[in-house]
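Each chain carries a letter (A, B, C, D, E, F, G, H, I, J, K and L) given by its place in the written order, and its residues are counted from 1.
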Amino acid sequence: MLKILVVHGPNLNLLGTREPEVYGRETLADIDRNLVALGLELGAEVATFQSNHEGALIDRIHQARVEGVVGILINPGGFTHTSVALRDSLAAVAIPTIEVHLSNVHAREEFRRHSYISGVVLGQICGLGAQGYQLALRGLLGKLN
Amino acid sequence: MLKILVVHGPNLNLLGTREPEVYGRETLADIDRNLVALGLELGAEVATFQSNHEGALIDRIHQARVEGVVGILINPGGFTHTSVALRDSLAAVAIPTIEVHLSNVHAREEFRRHSYISGVVLGQICGLGAQGYQLALRGLLGKLN
Amino acid sequence: MLKILVVHGPNLNLLGTREPEVYGRETLADIDRNLVALGLELGAEVATFQSNHEGALIDRIHQARVEGVVGILINPGGFTHTSVALRDSLAAVAIPTIEVHLSNVHAREEFRRHSYISGVVLGQICGLGAQGYQLALRGLLGKLN
Amino acid sequence: MLKILVVHGPNLNLLGTREPEVYGRETLADIDRNLVALGLELGAEVATFQSNHEGALIDRIHQARVEGVVGILINPGGFTHTSVALRDSLAAVAIPTIEVHLSNVHAREEFRRHSYISGVVLGQICGLGAQGYQLALRGLLGKLN
Amino acid sequence: MLKILVVHGPNLNLLGTREPEVYGRETLADIDRNLVALGLELGAEVATFQSNHEGALIDRIHQARVEGVVGILINPGGFTHTSVALRDSLAAVAIPTIEVHLSNVHAREEFRRHSYISGVVLGQICGLGAQGYQLALRGLLGKLN
Amino acid sequence: MLKILVVHGPNLNLLGTREPEVYGRETLADIDRNLVALGLELGAEVATFQSNHEGALIDRIHQARVEGVVGILINPGGFTHTSVALRDSLAAVAIPTIEVHLSNVHAREEFRRHSYISGVVLGQICGLGAQGYQLALRGLLGKLN
Amino acid sequence: MLKILVVHGPNLNLLGTREPEVYGRETLADIDRNLVALGLELGAEVATFQSNHEGALIDRIHQARVEGVVGILINPGGFTHTSVALRDSLAAVAIPTIEVHLSNVHAREEFRRHSYISGVVLGQICGLGAQGYQLALRGLLGKLN
Amino acid sequence: MLKILVVHGPNLNLLGTREPEVYGRETLADIDRNLVALGLELGAEVATFQSNHEGALIDRIHQARVEGVVGILINPGGFTHTSVALRDSLAAVAIPTIEVHLSNVHAREEFRRHSYISGVVLGQICGLGAQGYQLALRGLLGKLN
Amino acid sequence: MLKILVVHGPNLNLLGTREPEVYGRETLADIDRNLVALGLELGAEVATFQSNHEGALIDRIHQARVEGVVGILINPGGFTHTSVALRDSLAAVAIPTIEVHLSNVHAREEFRRHSYISGVVLGQICGLGAQGYQLALRGLLGKLN
Amino acid sequence: MLKILVVHGPNLNLLGTREPEVYGRETLADIDRNLVALGLELGAEVATFQSNHEGALIDRIHQARVEGVVGILINPGGFTHTSVALRDSLAAVAIPTIEVHLSNVHAREEFRRHSYISGVVLGQICGLGAQGYQLALRGLLGKLN
Amino acid sequence: MLKILVVHGPNLNLLGTREPEVYGRETLADIDRNLVALGLELGAEVATFQSNHEGALIDRIHQARVEGVVGILINPGGFTHTSVALRDSLAAVAIPTIEVHLSNVHAREEFRRHSYISGVVLGQICGLGAQGYQLALRGLLGKLN
Amino acid sequence: MLKILVVHGPNLNLLGTREPEVYGRETLADIDRNLVALGLELGAEVATFQSNHEGALIDRIHQARVEGVVGILINPGGFTHTSVALRDSLAAVAIPTIEVHLSNVHAREEFRRHSYISGVVLGQICGLGAQGYQLALRGLLGKLN
């Protein structure tokens, strides 16, 4: 089975409990459970990881190469706009990646329109809420097959 | 059945015949046929439209409101970066819309990173090729239900 | 009688039906009818034209010179901010022109503060709603007499 | 009767005597007299004020609130581009205001294109010379009724 | 006793009467009275001054040096963002100064984020409403002792 | 014979009648006639096209590929500075192209110095008036042979 | 008793030992001890935390919500200018916060004038040295009561 | 005799007493006395004026035209960089003017490099201290003769 | 016969030997020989000059005026983007000039898109290789006749 | 013996295994071993440290001061361009430092040309691959002796 | 006697023959002769130098230090805006210098407003034509005595 | 033996005599002598060249290709920031080059942070004083072997 890694960046651990009227009531555990299930249905083994530590995210991405991961979904959260190191880690492991954002980052503050990550990924899905992850998983597997 | 309109902007009529090594061999007719089929499967009636004329695209979007269209997929092509009028037409009809790009616009020329459209849509899918439309249709229907 | 042309740009055909709480319930047909009436009262023959097509607006402005039009009122809509070609058409026919905007474009999104048109017109009226056209017609005729 | 205040900023006291081929031979006293007359005709009591002192203009605007003034016409002159304090005074008294400029400020030096005032007014009239004040008075009363 | 001068810039005379839901119901007279009282408690003689005139504020600051004032609290209002002359007056008298703003200027319009004053003061307190003055007085006296 | 397409953008239909002291008395028909004649002399079949409609220009360029056109001369007029879609159409058909401007665009308004077109053409000739087209035709045929 | 969290960002652990002529001889332990004491005096229970790890600071802020903390003082150090993730963590927990800087960041290098944090806090105190924390604690409690 | 007006802007009244190691020990009265003397020697009647009030400077410049002043020396102080109104007053009276600065404004803070005044004067002398006024007076009279 | 000067800037002496796959195998001597020949054919006496020294180029242009040169072709090489002095020398001698570039400077590094020279010439030809000089010579003589 | 610390930032742990055609086959362990050997030869004790965690790098630099380290070599990787906190840690410990980059950062993406670190170090060596560390060690010891 | 060097940059050799209606009929030889004479009158030995070669100007400035020159007047012409090397040569010899421009560079093209030279000189005189040199010589000697 | 050329740009001839407290007492002749000696030790023949003339530096670099030079060290001095022509000469001869600066250019004036040269060299060494040349020579020979 294809190994897929899902990486969630800072503050996403609060999903479902923070501003539910904006982000919905689905928690990160719900999202991860649904992704694992959809992965099984589509023939992929999905592992998930969340951290508020930039270094921990980079370490995890490095480890993915060792484990034979063939595709990554990443929601870099606030690091989207500030982390060259995270970008470099994705470029270094050279695993096909899709960037996901829950909200439409292009219609928020000016500083959220720039992404260091988008230059090293296959593509980006944003503004579609939690289902954006599921669409990204379909898209990633579509690209890999 | 839910009425969905798919709008393709300038130069997309050349799909499949232009730089196939980059954009694939699928033509716009193929993409449209597949979207109609997926729409039926998911309970939606999909109409499609392409034009190289900004005004024709705006006219078609205005007409959508009259026809009872409840969701729009739009790949604005080169107008993404230059058309305030197209943006205003989407804002005026106030129909939920998803923006689609075949290529990862964030990893190309600087001027392709800015979109007038992204400020008035639900979200954006880019860099996933022709399947990006299918994911967007799933996402749009997911949002509408 | 002095011939005056009133030119309405993209999306203005929706006036009165779109966001009436913002733009009022007056339709474009109402505005045009009132302008024709005021023109008669002030000794001018007013013709009106609306299109969502940049090229059609330019064609109409070119034709104005042939018809002997001596003054133009233009609400360029979204083309205000993006069309050098429209600007050039006004400069080419060299007919005195006043630019009209229904809303106060200076107090909206950043990109609406720049007008390619304003560099080639006599003046600008904005933020006064539909009556702005009437004031502009008075002002234009005042300038011409 | 509705009380209207007309505020003229720096250097406007020189009107009619300075560069008459550009600004016309009408003096500020002429303009004010005509505005008072038009006000009477339209059912409004018009008071006028000119100063080259930013602080004096702000004091006068504050006083307007006390006097029951219901609308302001302001030509802020050079303060248009530099005075946040004047802007704040208009925002503070919250009296509906129209900004007037004799010349087309958008077609002059770059620095004249930015107005601190335009963000807190109903609208702007420029480039129509002395009659711009009359149009603005009509527009303001139209808005108030 | 240490002499302290409190300087209030344009529009602050309206405090308590303007947008009370935002700025509170405390008037400038209340604020000044409380500062004088706190000064006495902490061993300082507090004088206060408000003007909408940039020149009057500069004159007052110059005079402070003659009077032996040893510390200044200043809320420059709208002059914060536009007055090099006010900045120069503070630099010229070289009296330790703290800048105070009632609202959090960093979270308002873009142009309010720049302060000409902040480069020549000890520090800045903003966003804490009327009590910000009291904290600033404590801070200033702490620095002076 | 080599098929060459000459494309004229918006407002160029007015040539010879508009500001003749600037642009000369030669009309677009004269220019086209001379280009056809020079083409015959140099062994090329020259077709010409003018439109004020961006979409019509794109449609015509697409058609050129079908017709076997091997070289394009384009004067994009005002679309030079604003049309990504026109740029994309030239890139899509991948026919060698030279960009022509009658006036020296580099010595006019700031916004005329940027060209979206120049990034996808062989080269550019500007400032040499109507003969610039003839030089461009020579240059294009020189490049093709 | 009200629970207050004081968060110190990177390099602040060196306080008192690094450049004492600039930052004073007070250590971070001194500052924390004084804040706890002042808190007790004013009826608040103050907890403190320092880390050079962005992720650890975010984790601590998340935990604050669980613990029932009602107010935060934060000196984000170098993260002030670079961390969207830290900003987002404060926005997510939605606990009233005051930003503190020991030095006057507005009068130092250009890059220190921008704060990602200041857009999501009540206010900011800077340039008043170690006593700035005490003023901020007073101000925060004043706001909360 | 030729009438010359010397205008000193804000904070220049402090000359000689403020930072004497930088600006020298000469007071404004000394400078004015020397200019009057040099004027007599060169056949000119020199009047001088200083104010910290922008409006008062503008009033004085307006009055100069009435008095038959034929040349102006102005050191606009901090208004150099912020006052469009002062610029406009010089343009309005159209009296040949030379701008003087004591220090080399081009080698100080970034914001001091921009002058609104320099666009409407004959020339500028800076960085030569108090004697710069004398050189400017010679230069102005040289231009007038 | 009309005297024409051809001026080649820095590094052009290496033509034909440097990156021949890009710039072709034609040497500068070949280009010059061909230009002299074409000049004779068209009734002009062509002199040529190359230098890597900015000053030598300026000296040569000054000398052209003395010699009665009536037209200049210049390829300023790297000085295009950095030399105001070269620009000034062309403006000073006021001889009609055409700017030539072998490559399409608009499609290379960002810094090559700006030309100090283009503001003082008749026009510009770029991207057409060595034949660009021949077209420019034809164009220049066309303009002069 | 002089104590030297070598600090490697994020992603450098992958050296030798990642894009070996670009970065060479030397691993970080090889580089460290060679530096320790060269240090012994030149009379210095070299310790090395790598982390993907910004906070861990800062902690290690703080500890260096306690250990009596007299010189630092740092390759900050992606933190070069984004970390004010790392910059501040180097400034705080005030140990002479040289910045090393394997690749020529000035010839890559625009965002890699800016370094927060370079303002607080002795100098920088870049683009010389793994031997750049050895040259930096020689240079650092040369500076210290 | 004090040795003074006058340095004229590129194109100034054309003075008096180029655009005499703008720059006057005085040649550079006249200016130099007058400066030598004024120097003698004021007790200074004036040497002059002109070159269109940046390197020659730098060589001459270096030589000045060897010769015991104690003051420099420089009109850097077009190098004002482009030569860091010339700036560095003045900084290196550390001889007090005044910058002179014949025209008011601040009221011409945007690129003439920036001077690399002005950051390392005592002051600047511009816009006063040929007499500006004489005023500068007086000013320089005034500074030196 | 490998032929190496060392190129020194403007003002470097003054080394050792200019600001010795900053740049050290080593003269350019010392530096060159040491480089020749180190070259011999490492098996390379080092030639050196200094000029204040941009053109002379370019001529010398062109000549290097003819002489069989295989590596270049260049300290471009002030031309670093202003010379596209020098950059082009290095690109044209395509000889591996290292850029050296005595001081840390990244910690000085803003305009010194940009280098036209760094885009066409192997790497850069800066801030290490005269020994920077020796390290660069070692690095260059290391790269060549």
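In the analysis below, a contact is a pair of C-beta atoms (placed from the backbone, for glycine too) under 8 Å apart; a residue touches a chain by one contact, two chains touch by 3 or more.
This is a predicted model, so every value here is computed, not measured.
Asks: Name whichever of K-L and A-B has more C-beta pairs touching across its two chains.
Replies: Most C-beta pairs in contact, of the two: A-B.
Asks: What pair in F-I, K-L or A-B shares over half of its contact pairs, by residue number, with I-L?
Replies: Equivalent chain pair to I-L in F-I, K-L or A-B: K-L.
Asks: Centre to centre, by mean C-alpha position, how many angstrom separate subunit J and subunit K?
Replies: That gives a centre separation of 47 Å.
Asks: How many angstrom between the C-alpha centroids of subunit K and subunit H?
Replies: Subunit H and subunit K have C-alpha centres separated by 24 Å.
Asks: If a residue has to touch 2 or more other chains to count, which residues of subunit E qualify?
Replies: Within subunit E, the residues that touch at least two other chains are 53-56, 82, 119.
Asks: In their complex, what parts of subunit E are in touch with subunit G?
Replies: Against subunit G, the touching part of subunit E is residues 98, 104, 106-107, 115, 118-129, 131-132, 135-136, 138-139, 142-143.
Asks: Under the touch definition given earlier, write down the residues of subunit E that touch subunit D in their complex.
Replies: 9-11, 13-14, 18-19, 51-56, 77-82, 109, 111-112
Asks: Applying the document's contact rule, which stretches of subunit H touch subunit D when the two form their complex?
Replies: The contact residues of subunit H facing subunit D are 53-56, 58-59, 62, 82-89, 92-94, 116, 119.
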